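Shared between the two complexes below is chain A, which has chain B as its partner in the first and chain C in the second.
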Partner chain A sequence: MGWNLIRLYAVLVYLFMFLPVAVVVLLSFNASQFGAFPMTGFSMRWFVALWENDAVMRAFRTSLLLGLLCALISTTLGILASLALVRYRIPGRNLITTVLIAPILVPEVVLAVSLLLFLNFIGIGKSFLMLLAGHVIFTLPFVILVVQARLVGIRRDVEEAALSLGASPRQTFFSVTLPLLMPAVAAGALFAFTISFDNITGTLFWKPGGVETVPTQIFAMLRHSISPEINALGTVMIVLTVGLPLLGASLARWLSMKRGV
Partner chain B sequence: MGAVNLSDVVKRFGDFTAVHRMSLEIPEGSFLTLLGPSGCGKTTTLRMIAGLLDPSEGDIDINGRRVNDLPIHKRNLGLVFQNYALFPHKTVAENVAFGLRYRNVSRADIARRVQEALELVRLPHLASRYPAALSGGQQQRIALARAVVIEPDVLLLDEPLSALDANLREEMRVELKNIQKRIGVTSVFVTHDQSEALAMSDQVVVMSEGRIEQVGAPQEVYNTPASEFVARFLGAANILPAEARGIEGETMVLDVPGLPRLGIPRSRAPRLAGAGAARLVIRAEKLALTPVDAPADDRVSVPAMVEAVDYQGQSARYFLRIGEGENTHQVQAINMIDERPFAEGEAVSVRVRPRDCAALPLGTANGGGGSAA
Partner chain C sequence: MSIEAREARQPWILLSPAIGAVTLLLLLPLVFIVVYSFWLRSAVGPDIVGFHFDNWQRALSDPFYRYILLNTLKIAAITTVLCAVLGYPAAYFVARSKGNKMLLLLMLMLPFWISYIIRTMSWINILGSSGALNTLLMTLGLTSEPLRMLYNEGAVILGLVHFLLPFMILNVFVSLDGIDTSLEDAANSLGATRWQAFLQVTLPLSLPGLAAGGLLCFVLAAGSYVTPLVLGGPRDAMFANLVYEAIITQLNWPLGSALSLLLLFVLGALVALYNRFLGMSQLTRGLG
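Right after this comes the complex of A and B.
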């Protein structure tokens, strides 16, 4: 009896969380003019409308570029930072780790405002670069956490073996360390991309005038009306931000299964 | 001039000195073992030869060339680790080929040499497997193949057998030694296991607390230990306080309190110049227990009382009390069992050949490990 109540409760919680998402996805295929029930038929018209909406496509391209650059920079910096923190004795190592991880803990708005004020103070105005820098700060902790955890598990003697066999430190990194690190690097890059692609708070503060990302574009569109196009856009975002990491994770699992590592 | 030379090498970590002014010559083609308990500086020494640690002072030469400032990847070394350290993302063949890729070896030659190296360790059929699919012993043989395929100037082995289980360890010990002999590579082997050291080495370097206690052939360090530390570290030894009375011809005469006077061959007391305080060293397996009424022979015999028996199947370890009055000593003897072991509380006579005893001066410079056991 008690257990059944708990089960029911759990089901209700999940419904509460995911039903709205399901509704958005469902309604994005609605043929009706209005983004509401009842559904009048199955149609891809809102996806076509999205495709033909220049503002949305521009925002989409901006988000994509931003996400990819952010993932690239965050992952590169994250690998370098992790290597330094794990493989070398650096004075103040704990402090540096804390500072690098801090953006996860600080409320996003606070971080957004302070970065804006700081960059204004040193005379750098709003720009795409600033937006990118902000996103990198947000995503770097995730990359570092994932990569560090993996790096700790890569035995130093494997690298020493490569060195003893004649590989220079750089060759050792590219032929041994990086391949072994790859699952974490891929996971970190996916994290960085999806977090950047999703981000709205910081983006609202940092984006230069006239530049919209997908989330800020949705936000702007919602101010006029609730168009079914937004449902379609929501569906695309869900596919991207949920589907990509799932794909990445299963790819990583498949790769490591194949090697039996 | 050896293939590897260490001269006055010192390694400090902050205030701690891991290796004290160490000099060592490792002859071309020989198998040298650094033996000692953990923390004695043996691994530090190996890592300095490898180039994974920089000496704080002193020089390291490999084949007549000073390598202090040569990074590890330019030293042409083979390195074998306790935990195999194979590349988990590469197949066995790729692992073995790794070092050749950085040595301008043609593709065809790489394939041939990898095949030869795998045949050397008798695992050619595993070439396309990944390391995770291999047993510990197989992984260590692949690691050995990977290290020797590059024809290193020196092969460095850092406790390579310690991670294997007991039976496999002894099998690998023989195989490793055979391979080393066959390719004739100068080898430095680090271990804390005295039986590995005695079984495999041309030269054993016994180390303690960052210092060399003794360098010598296995039989030499076993039979004539240079210090109490060496005597205790290699096998079970009885060390008794003694007074050297002087040399009579080829015999060194010693008195141990409570026991009859003993004369041992001078060759067994090379570090004793004449009269003075000394230590008598007798290996536990050289002390033989006999019934009290057994006929006399060429051995020295003293009465003893069995205090405890540690039964081990084909042999037994006896703890005995010998000596008279105030001057009694506890000694241990390891004997094969004939019919039945002697019993606790039994009176026996314990015998030893004088040539199976050794003597050390008390408190020599390298005899610092007096209380270490």
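Right after this comes the complex of A and C.
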């Protein structure tokens, strides 16, 4: 009896988490003029409207570029730092880890304010550069946590075997370590991209006037009223941010199966 | 240079870009806003450099600010408790389920990937005057006109719970999953009922996960300002909204610095307490 009750409870909690999101997807196909019930028919018109909405498309390009650059920089920094943390005995390891994780220990508003004021003081005003700096520092801890977890699983003796068989350290890195690292690199990059693509709390502080990312664009559109177009944009975001990681995960699984590891 | 010396330097070379970034983009800026909070805003021209306590005096003594701060802590506390109440049984179900655990776990992770702003605004579709709930109530004839469920404190709390619940579930799951189930069996065989075994064995062992999840929920809830902007009314501002107002709307950066530092200290004190008693490792385990 008890277990069935828990199961029912868990189902309700899952419903609570997913139902509102499902309603967004449902309403984005609503033919009605208004972004609300009742559903008057099935239509793709709001997706077409999105495609033709210049502001939305601009926001999309900004978010995409920002996310890609952020993923590139954050993953590079994160992989290097994780290698040092996992592979070497270094004094003050705990302190260093705490410092590297600090950007997510500080409330995001505080991070946003301090970065805005400081960069402004040294001559970098609100700009794409500030957005990028902010997104990099905010995603870096997540990348480091994810990558470190994966790195621990890579066995060191494979590299030692390569070295003892006469490969140079450089050759060893590029032909042994890096291929083994690839899943960690991909996971880190995907994580950084999604978090950057999704960020709004810091972005609202750092973005220059006139520049919008997809979340801030949605936020601005919400100021008027909820329209079917917002729901459609939400659906696109869901497909992108949920679909991409799922695709990435299955790709990684397929790759590792092909390699027979 | 000897090989040993090169070997010893290597980790620092690898670490320096990341540490450099955190120093330049977080640590120095934090020190800078401490300094900035003692400057003064002037009506015209640049802020006045100096050592004035005006901003701090205002941040600490203004009754409105104090009210909002206390209200923010109250909202965060309610949110955390609701997350625990909703999340613990769900996490227990996933951890002890004999079915497809991977799928259940994946579904737990999914909300992390769905955009925060989308999940927040999705409640407008549910609670709005022509939203799902009102449409349902009116179709059933339970109410003749739409109920006002949006743009109040309840909606803000609901939005926060919806946003933070996965953090709680994941943390509790991690600690429950690490508990050897034979401990419960042992308690059962020694005569404890399942409920007693849970209360005296499983629950105490999972408290670190519950605490970590609770801390995350509390800190993230207390620092949010977008949820109140989207789901709250004009009177439902939280403390981070004051910071946003000061910095973005009023352009009063010295006051904004003092207010953000106040928020940092309050939440930092909480994290420090947590760290003192439970340690940081539980937290990073849940995040990784």
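Heads up, the rule we're going with is that the second predicted complex is superposed on the first by the 251 of 261 C-alpha atoms of A that agree within 3 Å, B and C clash if a C-alpha of one lies under 4 Å from a C-alpha of the other, contacts with A are read in each partner's own complex, and residues count from 1 in each chain.
Heads up, the rule we're going with is that a residue touches a chain if its C-beta (ideal position, glycine included) is under 8 Å from a C-beta of that chain, and two chains touch if they have at least 3 such contacts.
What you see is a predicted model; the values in this text were computed from it and never measured.
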First, second, both or neither for A:171, with chain B first and chain C second: first
More chain A residues in contact [chain B versus chain C]: C
Which of chain B and chain C A:101 touches, first, second, both or neither: second
Partner chain(s) touched by A:163 [first = chain B, second = chain C, both, neither]: first
Partner chain in contact with A:228 - chain B first, chain C second, else both or neither: neither
Parts of chain C lying in touch with chain A, wherever the complex brings them together: 10-12, 14-15, 17-19, 21-22, 25-30, 32-33, 36, 86-87, 89-90, 92-94, 107, 110-111, 113-119, 121-126, 128, 130-132, 135, 162, 165-166, 169, 194-195, 219, 222-226, 229-230, 240, 243-244, 247-248, 253, 256-257, 260-261, 263-264, 267, 271, 280, 284, 287-288
Partner chain A, residues of chain B touching it in the complex: 50, 52, 71-79, 81, 83, 85-89, 98-99, 102-103, 130, 132-133, 143, 146-147, 150, 156
Interface residues, chain A side, partner chain C - complex: 2, 6-7, 9-10, 13-14, 16-21, 23-24, 27, 34-38, 76-78, 80-81, 83-85, 87-88, 90, 96-111, 113-119, 121, 133-134, 136-137, 140, 142, 144-146, 148-149, 194, 197-198, 200-201, 204-205, 215, 218-219, 222, 226, 230-231, 234, 237-238, 241-242, 245
Interface residues, chain A side, partner chain B - complex: 155, 157-158, 160-169, 171-172, 175-176, 179-180, 259-261
